[in-house]
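Multiple structures follow.
You will see two complexes here that share subunit A, one where it goes with subunit B and one where it goes with subunit C.
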Partner chain A sequence: MKRDGDRENLLMTAGPRWLWPVGWALMLLVGVWAMPVLEPGFRWLEPDARQVIYSRADFVSLLARHVFVVGIAAVVTISVGVLAGIAVTRQWGRDFLPLIGQLASLGQTFPPVAVLALAVPVLGFGTLPIIVALMLYGLLPVVRNTLAGLHDVDASLKQAALAMGMTSWQVLTRVELPLATPVILAGIRTSVTINIATAALGATVGASNLGDPIIAGIVNGNMAYVLQGALLIAFLALTVDSLFNALQQQLQIRLSAP
Partner chain B sequence: MSLIDAFSSPNRQYGHINAVLICLSVGMLSAAWLLGVVSVAPNRIVAGTSYGLVTAIGWPGALLVSLLFVAVGGLAIKPSRLHYCAQLCIVTLTLLLMPFGLMVAGHWLIDPTLPQARLGIGAGYWVALFLLLLCLVELRLRLELSRLWTTLLLSSVGAAWLVCAALWLDNLALVQEFQARDKQFYRAMLQHVVLVSIAVSVSVVVGLILAMLMRRYQRLQRVAFALLNFLQTIPSLALFGLLLAPLAWLAANVPFLAQLGVSGIGTTPALIALIAYSLLPMVRNTYIALDEVDSNTLEAAKAMGMRPRQRFWQVRFPLALPILLEGVRITAVQAIGLTAVAALIGAGGLGTFIFQGLGQAAMDMVLLGALPILVLALIVDAGLGALADALRPGGHE
Partner chain C sequence: MIELSHVSKHFGEDTAVDDISLHVAKGKFCALVGSSGCGKSTMLRMINRLIEHSSGDIVIDGQAIEHYDLVKLRRRIGYAIQSTGLFPHWTVARNIGLVPRLLKWSSADVKARVEELMCLLGLPMDEFAHKYPHQLSGGQAQRVGVARALAADPDILLMDEPFGALDPITREKLQDELAKLQAQLHKTVVFVTHDMDEALKLADHLVVMREGRVVQQGTPLALLQNPVDPFVESLLGGLERGLKQAALTRVKDHMSSLGQSLPAQSRIPGDFSLRQALSMMLRDHCDRLTVVDQQDMPIGELSLRKVVKEAQLDKVSHREA
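Let's look at the complex of A and B:
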């Protein structure tokens, strides 16, 4: 009886879950394409400026570059981070577990700006140092959460799976990883959210992305530019974050479903 | 407290080969021999020429360094408590010797007739330093040393480095960069610390009040957490930007506010944004801390005849203090990083050096901003972590 009621509830809430990401994404796309339409509004903010709509590059390509940089970093981060987390929790990699665990939690102390700034002297200006800095920094939350997620899997469950005759590979892919997925996903969400923010700072080291209008606006004292860049970055971050939120809820429902 | 404490200890029986230290030793050796250790530049803008280990400190020095690194790896083949202690000594010794390597390299490579010439630290040097610190972490875990010991060890090494830098490392680029603007540096440091302290202390007070209100009004809890989560999601640069425009408009159109010091660029938007970001970790931890106090304990306090106010300040609050301090730690570390970004909107602080240095392509200036921020974050993290440990009822973990 109770379970049926639950399921009904879940069906009811299934719709609005995806409403937020879709809504924010729409705002983002409208912002990217229709910014010139809002020119009177920005003109009111900056009556004296020669130009009120950022035009050194169009917003579509700025957005595309931003997403590209964060996307590449995320793909590498997720694959390396999860693999590393799995490797150090196996019997043969256990020696490395204390060091990696300590490093992953200590690394959260490093401010992303400092990591970005330290990457430039080594790697030079442009898009590459940003991608590398994002990868290095984004790894930590993913590794940390993978370790925490795998650690939280009940040891007796693993034992039961082994006793049922599963190989250790099957235990990993059918028991440990599915149970650890929510925690790992939370780590990925943190990582990507931080990376979107840090990538925007990349505009100061010569990468052109949505951070560009903000920096240009601050340098030229043009608040309209600043506002355009800030709005678009905020929409992008909110879209991605709400997407992860929806994914997490979806996952929770699947895991708790009978 | 840290993640690692949650895991069962690894193979602690000695005699089992320690692959970690061997890997680190191999890594340090290859970094020292394959990458450039130092670089020499004729002035601050031109990129330097990079030099390897042998050219920098000569064959005797290179052999000494290699011997130290090999010893760290060699002792790990048959680990014992004695070996680990020996490795700890070797690692500390190497850390202490590293600035002397720079001195020797500076003496050999820098032409004394060029006053602008400067010695840069190369990739090999940085990587070896980083791996040495990892060795230290690993050894601390194996020997189960307390946090205090490692902190003492590292601070004495740091002090030795500072003395070397102040007395003998005049031609190091970082030192030159510092000497050229030491007053500016101290002022920026002070600004940074002041901004972080204001943001953290305001958010502690507001966080405590908000958390107490949330415990009373459930609806407020949901709304406030949703709002703070939303704020936290917005990237820092964007939030600074979003505050700039309205504040600039206010300052231009409301003279009274402009007199109060409100302006588009500067400290006001920085502080507002810093406090806004600091509230979420603060409120979340305060709420959880107050909520998680054992109800039996509170029941006992009630039975002993304590009044509600006494129960809160004498029982609930002291018991919640360690988790609350954990919140302060997270908030402070986050604020240190965000204040660096605030330099972009003219709030001052150490971030100024980062962004000025990036603008002038002067990498040593970037380091002058980034390294202190890193050290500051690590010190605050360690200090507040130790304080939370000390306040935990029942002593240390």
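Let's look at the complex of A and C:
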């Protein structure tokens, strides 16, 4: 009996938050596996096309490669961005604060297309240039939010932590980072979500992913292809975004309730 | 024991603390009083090296503070501040157990200590241990702050306006509790406040500061009887000074034995202050009170004339000394 009660409780507290990401992920999987089922709909959109379901590569592998590219870029962006943010808020790194801030802004003002154009001659066609472009593009939100999150930690709290006899490493890991996590997480959310959409550009330099149907559709004048790529990318972005949202709410609850 | 000799602190051109010497004996309660910006908080923070002093010596238990390991020094000095500095992402119990955990006590020891302190500060374990700081009232949060400062049983306690943000009633209650705690624990306390009444109530040794310098220091009674200049006098309450002095004196110490005449109607416990006795005389329109012990048995008599006369004698004898 007790176990049942526990489970019910768990579902009730975890339920609504985690329903959204699960729902969007289901939509994504249905889209990937069962796109041909929607053929009549796409046929109505493009009555004259020879083929209305993109078939040069299966959607599953396109999705996998899309996730891979964004994932690698995210891991690098997050590690570099958070570490840089931490470094320039330490006493020894404070001199570099303006520099890092400007570099990160520069990364985002520089359009990813331009980065691709510059990167291809150096790195060749394929996955590498798009990963570099995504890294540069996604760095700003992570760095900016890491800086803001750490900056917002009450100075008197840091001083109290030091006065209690914490080492500066302990102040960072036990006080500053835990308190800054919600803000940092919001930055990561923005960065990853934008990059899921931006990664589609990779299709133009031979990194095949969910951008492929879109590019092929534009080239062949087939709106159905474009729509399929766009739908899947949107579902992926919504899945990840709602996942972060749920994570943030979970954190908020842990921070503000017993 | 804390010993400061000729300590100064300069921030660039500005002098925050100017050539201060101060001795706080073991188990004594020292209050630094002065208006804001007079350097009293800077003084306090120099003791646990949150701010490094520019010149002079600060010695704790016979050793200059710069010869201690910084982290170890801070872990043996309790620290409580106005905004409580409680970590908002930690429960009350975790906040209190911080320093013992830093000192690598076993978790059973930490738990036992936290329980002991919460009991000592009137925070029932069941009700408060798992609460977060934002769920506490100002007074409760401040108790947790004091409990945290006491957690590793430090000999020395630094308190920076710990009750500054509380409403007057809560503040007074916590002052009483702190006085009781101190009578029990005998910590060496350095306490910063701008509230002279708070300082008079709690301190064994009072240090009045202005613009980074010590204007006068001594026991509260000595300062009340002999303020060195108009600044100290006004801080001590100007015309109210007599009453403040009366507040520090117990009825018991000024009563005379029961006389022949009929005992007075109004009764006052011997532990009450002269100030309360005076107030009672005004209220009851009388110039004599019967002093009683805890069992409400008469033990002596207090007359207005005697109170006034002895206050005068105190002053004279102090001048001569």
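Quick note on the criterion: the second predicted complex is superposed on the first by the 225 of 258 C-alpha atoms of A that agree within 3 Å, B and C clash if a C-alpha of one lies under 4 Å from a C-alpha of the other, contacts with A are read in each partner's own complex, and residues count from 1 in each chain.
In this section, a residue touches a chain if its C-beta (ideal position, glycine included) is under 8 Å from a C-beta of that chain, and two chains touch if they have at least 3 such contacts.
As the structure is a prediction and not an experimental result, all values here were calculated from the model.
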Dominant contact partner of subunit A by residue count, subunit C or subunit B: B
First, second, both or neither for A:Thr239, with subunit B first and subunit C second: neither
Partner chain in contact with A:Leu227 - subunit B first, subunit C second, else both or neither: first
Partner chain in contact with A:Ser191 - subunit B first, subunit C second, else both or neither: neither
Touched partner set for A:Thr77, first subunit B, second subunit C, both or neither: neither
Touched partner set for A:Asn209, first subunit B, second subunit C, both or neither: neither
Touching partner for A:Thr127 - first (subunit B), second (subunit C), both, neither: neither
Subunit B versus subunit C as contact partner of A:Met166, first or second or both or neither: second
Interface residues, subunit C side, partner subunit A - complex: 48, 50, 71-75, 79, 81, 83, 85, 87-89, 91, 98-99, 102, 130-132, 134-135, 148, 158
Residues on subunit A engaged by subunit B in the complex (per definition of touch): 45, 94-99, 101-106, 108-114, 117-118, 120-122, 125, 144, 147-148, 151, 193, 196-197, 200-201, 204-205, 211, 214-215, 217-218, 223-224, 226-227, 229-231, 233-234, 237-238, 241
Of subunit B, residues touching subunit A in the complex: 2-4, 6-7, 9-11, 18-20, 123, 126, 134, 137-138, 141-142, 230, 233-242, 244-245, 248-249, 264-265, 333, 336-338, 340-341, 344-345, 351, 354-355, 357-359, 361, 363, 366-367, 369-371, 373-374, 377-378, 381
Subunit C-facing residues of subunit A, complex: 154, 156-157, 159-167, 170, 175, 178-179, 255-258
